[in-house]
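Please read the structure below before turning to the comments.
Chain nomenclature is as follows: A, B, C, D, E, F, G and H, assigned in order of appearance, with residue numbering initiated at 1 for each chain independently.
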């Protein structure tokens, strides 16, 4: 029997491996189920590559330390779950405004509150977008397999460096804890932190550029970083015109690059009358449901997104225009469905399939909903 | 000249006065601009009425203490602004799941992060709904005058007691800091904490009742409260069927009572072709703009909501069906407009007027947008 | 009476917020609608700060002062910040701090030694804000003198009533 | 080969997760697709815990075991929890802990003294999980014996290789 | 039972979720006996905890019981106690819960000298999440997040509590269950902020990885390395290395927060 | 200037935003002089602060400067320092920032003995937000949130730092600017976690409400009530009431966090 | 001295269901009254030796040991 | 003793723009070199008395005082 060189890996392990592959050399965290294995892996491996791991006193401190290390030049990452993600929100907003690259992994578990720490959920999807006060840019990815946990961690680190922005990686307990056989690339494409072409008159927040390279502290330029609104040089400046420009630029640096940020895949979409819109672990059930539907001769397709934010508006709009109905399975009470509804503008029926009790949605549930809609649709 | 018995009052003062009128007897807080006057007023007045004020070590502790006091039987309130609101999120979710009444006032300032602490904003509107991890019920009000700051604080306290739920009161720096002449009622309608009719076999979380009366600790029943999912008696229980029932009940207790919770007012709506949908301080500008438009003979109306969550879907839907366009002025980059768009389902054009630089939206800006749409509409 | 907007400007410690509050309270006591606002934060420390009042018989919707009819300036910095854009009718300057006395088309400019008189005639520089109030109302006469006095007394800390009354009179005198 | 679902159940300290991982790794080494999951949390402490493996030639979409074909039970509690709903073909019980040996229609039930033999023949109760693995694969034969042995060795802590090999053999013996 | 009043336990919730030989049960048992000795009514007692293995204790105790969020037990308890001072409040908290994420609430409650009793279940590790290092994991010990041995020094919580303002501090180990009990009694009798540290074996999360043997070996270890505070005072720093000093460390009343606040209320009433 | 090196200041950002007579400027001046004495390069120095009047300091200093979130300066600095140990890191933090919301990061950094230097600008009040009580507002003093006098005891931050694990602790007042300076120099020279408390007048937020007079009166008050630590040791508790003990409190090296971590890296490399 | 059978001072009961087999009671029994059984639960081996010292009840982390005084 | 005019050891300059008039330099000048002016800013009154002790520069919270040594 032929021996294939694949590896059995847990999703959380793959995430840590992805972080290391992308060049992450600093991790600060605080243990919390079901994310702890990421910290444990980083504690094990970082000192071997000369990187630094620290377990902080709480999640707030962990988020702060990650930003501090990034300012010193580190590619930095932290991992947590719901309760810790809530605690990180204030400093996440700081990273967004000050444009410090960093990655926050949230392995979602069943909430609210302590909820059920060992059960899966997709309940923090909206929190990733709106959890901190005030408007701010955010990018969020959500993998649906162990392999993708690796790939999207690499992507998250790259995006955070490229756009000088915090990136959220939304795993769920299923993807985080399950093991799959994966074959990982020896090398991945890595975005290194940009260096400014011209060091003269270094301005860390140029307004006429979407992204200004960030020179780490201690590397020749000494300047100021603040969570107050600031001018191009980084000093506090609350003049309304400047604030508007800053905010516009912050949003533009994400919104103008949706092509680079939005990753989706389609399955059996061409002639689909009903489309399942899905992400994360739920898409595993969705895929099976769609296969089964096609096997039964039903014109059902699937649009899966790996990018939660920015929301893939264009793709969903196109689907809404084509299909009669969109089914949105989520392990929550309906979150991303708000976006689907908004974008669909009434062009297609939008129906959720929801589980919020710690169980994964089954293919049967989705199939049933799809069939119900097909019957409705052919009436 | 006749002497009228009105009082000049600051919005924050009115909020504190409302809290006291509604029977709030416990306040825990942590200072933050532009909310601090609420804490200061409570520090001054609570001991006079035998209540308790405590300045905690941080906002997390303040939120915790408020929940603790409520469990002991207090009507309890805390006040903060964006950064503090972010920190309170974890425990806010605890209150939602454990169904402990309490009120959180967030006097919104310009974010993200430290932003501009003394500038107004409506940037925490979505955070109020999605700030904590996991699904959860939430009620949020937003006043647009000093008088309403008083009234909605009373309402918030009443609602929190009636439905055993945390309530968020979203002020903004304008309403919080401005002074207006108000005449306040001597007495207000106050909802007292329900007492169970029958004490035998007290179950704090009955599933066949939307809301079970909460017997405070130390008053005869000793039972268990936990942020884990729990059964009717309050003990941890993670069985999926129970979780589903709990969550359904949690949401139903809010969603089934929208009539009681949703407060809106309409102005010149009857024949309006363009409707301004508004809330908070922005509605002051909106009102002036609509008056001016009507004075110019334009068929423009206004729907103002004092209830942010649950979102007044029905009203907005009706407006979308009637009007050609809905204008949504917000002191943020567009937040509640997402809900308007979603509910409008493409029936009306939905257009934002946004300021996110610390300035209030002017009536002129709104009027201009309205006129542009009118022209479009009459083409 | 239609909408009337006033801006009192100066620096941090001069008590202009209190002056604006008193003005608003006096107007409210006469059944008027009022809105009073002020600048907060670092800009109120060191730099120029302002306190504003809107008075109207009708309900006040838009609560922000945009084009004040009356502008009081009690510091050089406030003068620099607010006078250039002033489009109202009445400009009152505290000559204790502001040397210039510009001529502006359609504007009545009053250059008055407000703080100096507070110091010299009332004996306490701290009541300059009340002197200013007296002068302001003496000029624009929006509020009954008695109402204003009552409003001042309502806010005066115990034991300072006479001093504040005196200050108000000194202000009124100045423009009578 | 189509989709094959297996559930290994017992109590917290019995090393069933490791057994499932080894099983999955062995299958993967043969080019199969695998998904391995396990129960976490308080339920894994004290109560019954489980570890599951799905093996398939095709891509595995839905990653959850719903109707395992093979069920291993190594504690009384696990027996109570998982046997009643079992609809598969192969049921393996550790008779060290489970007295009953039910007869179920269409199910091949193996009652084996797994832990007892680990203690008696290998000398360490701790390798009962490997004994169980040997027996399980001996029955269902989804994996080449050599692949399984290699997988066991890959995971064996240094110095315990022989003991683990022995345990695997003891298991295989049991059902040969 | 002879020494344990089963009315203080929620028998229907037992057996508890803890692992075999987990020290939490020994401390929990001591707590029930102490409350019994104190003669409190069920309804005037509140047990408040955070999150962790130890923090599951309240669920087994037949009083008003509150299981809060990780690290925040003292803050919840502060609100509860201030609003209803007649409640006797015991906080059951783990070393992670109390001294890592909850450290700030701990020192501030101590500073205020508010009448709360903290029973710190110190097993030197994060048990619930599977064995990560805590601020009370001794220097050099391994944990899943300190695979090469922790390079962080651990708190001496007795010193910290005292410096922050606590007015009663005492320590015992699972090997001295009667001392835990008597320290809890004294803690409750102190009108102010009291801290009792109970050093407990966690055979699964701490012992196994550090090769400390099973439950019995860990108990022996605690027993053999404990030194009474009176004796410790006569020992050199060198001699004390690796030892656990146990007994009553500090007991010195000071103005209590709620009493001081009540004085203000009383003054305003006049 | 003669003693102040203007190159350490961002002259174009001056005058600063602080009120007349605010003690922050005096401590800031001492900090610039200390850094000058230490002979550090601009680029190897990082000044990190939280939020508050005092925390605006970094903006005026000509180094790598980082103004973070309220209470979190030490945690940000921890990440920065660990990743780039060559940086000399000074944390400028207020009494509220450091000991209220930031208390936990403070004690944990002390416990780790990580090589950071905390310069605590203690004005006994929340200045920036307008005069609320802080954990270092003395018992009985009034504040906007303690209109009847605070009923909370204040921290002795020297004791707390030491108990938590700091290896250098010293205190001075605005009336002793040269002592602030020399303590900062020593703090920086200590390889480990160092705390320098500078007691500073806040005439606007603290002095006015407590009727302590203007800036000069407040400076006199600090001067007259200060006692050197050497002298204090010979004084009774009674005599020390209301006094501020100043000078070097504690200076005892211990293993530093980063050095210990580096040992692990080195071991793994072999 | 002739072997005299001791009179037990207390009766010890082990709740098998709750006993998790840690062995702590056995270790702390000064008289060897208790022992671990084959199936790893505590059991009463020499009841007559019991002095009623109470250790077993107090040390058991699982509330699995009950004492009843024998008068 | 006849009055001898002292030789100043340093030249003191006050940046009027930055001086906020707190009076601290005046208080800490041991020689009365400094005083507050009418408009509440510090000013140099008796330059010749200056000993160059440096207090004024070190104590000024506003960096408004500069010393220059006179050789």
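For this structure, a couple of remarks:
Definition applied: a residue touches a chain if its C-beta (ideal position, glycine included) is under 8 Å from a C-beta of that chain, and two chains touch if they have at least 3 such contacts.
Fair warning: this is a prediction, and the values are worked out from it, not measured in the lab.
Listed by label, the chains touching subunit E and subunit H alike are F.
Counting steps between touching chains, the shortest path from subunit B to subunit E takes 1. The remaining chains, considered with subunit F omitted and nothing else moved, group by touching as follows: A, B, C, D, E, G | H.
When C-beta pairs in contact are tallied for every pair of chains, the largest tally goes to A-B.
Between the Cα centres of subunit B and subunit C there is a gap of 36 Å. Computed from the mean C-alpha positions, the centre of subunit C lies at a distance of 41 Å from the centre of subunit F.
Mean C-alpha positions place subunit B and subunit D at a centre distance of 54 Å. Counting partners per residue, subunit E has 15, 18-19, 51, 69, 100-101, 103-104, 108, 135, 148, 261, 264, 268 as the residues that reach two or more other chains. The residues of subunit C that reach two or more other chains are 42-43, 46, listed in rising order.
In subunit A, the residues that touch at least two other chains are 33, 47, 57-58, 60, 83, 90, 94, 113-114, 116, 226-228, 238.
Chain contact summary for the complex, subunit C toward subunit B: residues 21, 24-25, 28-43, 60-64, 66, 144, 147. Taken in their complex, subunit E has these residues touching subunit A: 51, 69-71, 100-101, 103, 126, 128-130, 132-133, 135, 144-148. Within the complex formed with subunit B, the residues of subunit A that make contact are 60, 81-83, 85-87, 89-90, 93-94, 96-98, 106, 108, 110-116, 119, 121, 123-124, 126-127, 129-136, 226-229, 238, 240-241, 243-244, 247, 251, 332-333, 335, 338-339, 341-342, 345-347, 356-359.
Subunit F meets subunit A in the complex at residues 13, 42-46, 48, 51, 58-59, 62-69, 72, 75-84, 86-87, 104-105, 108, 261, 264-265, 268. By the touch rule above, subunit B contacts subunit E in their complex via residues 25-26, 28, 47-48, 50, 52, 54, 56-58, 60-62, 64-74, 76, 90-91, 94, 216-228, 235-236.
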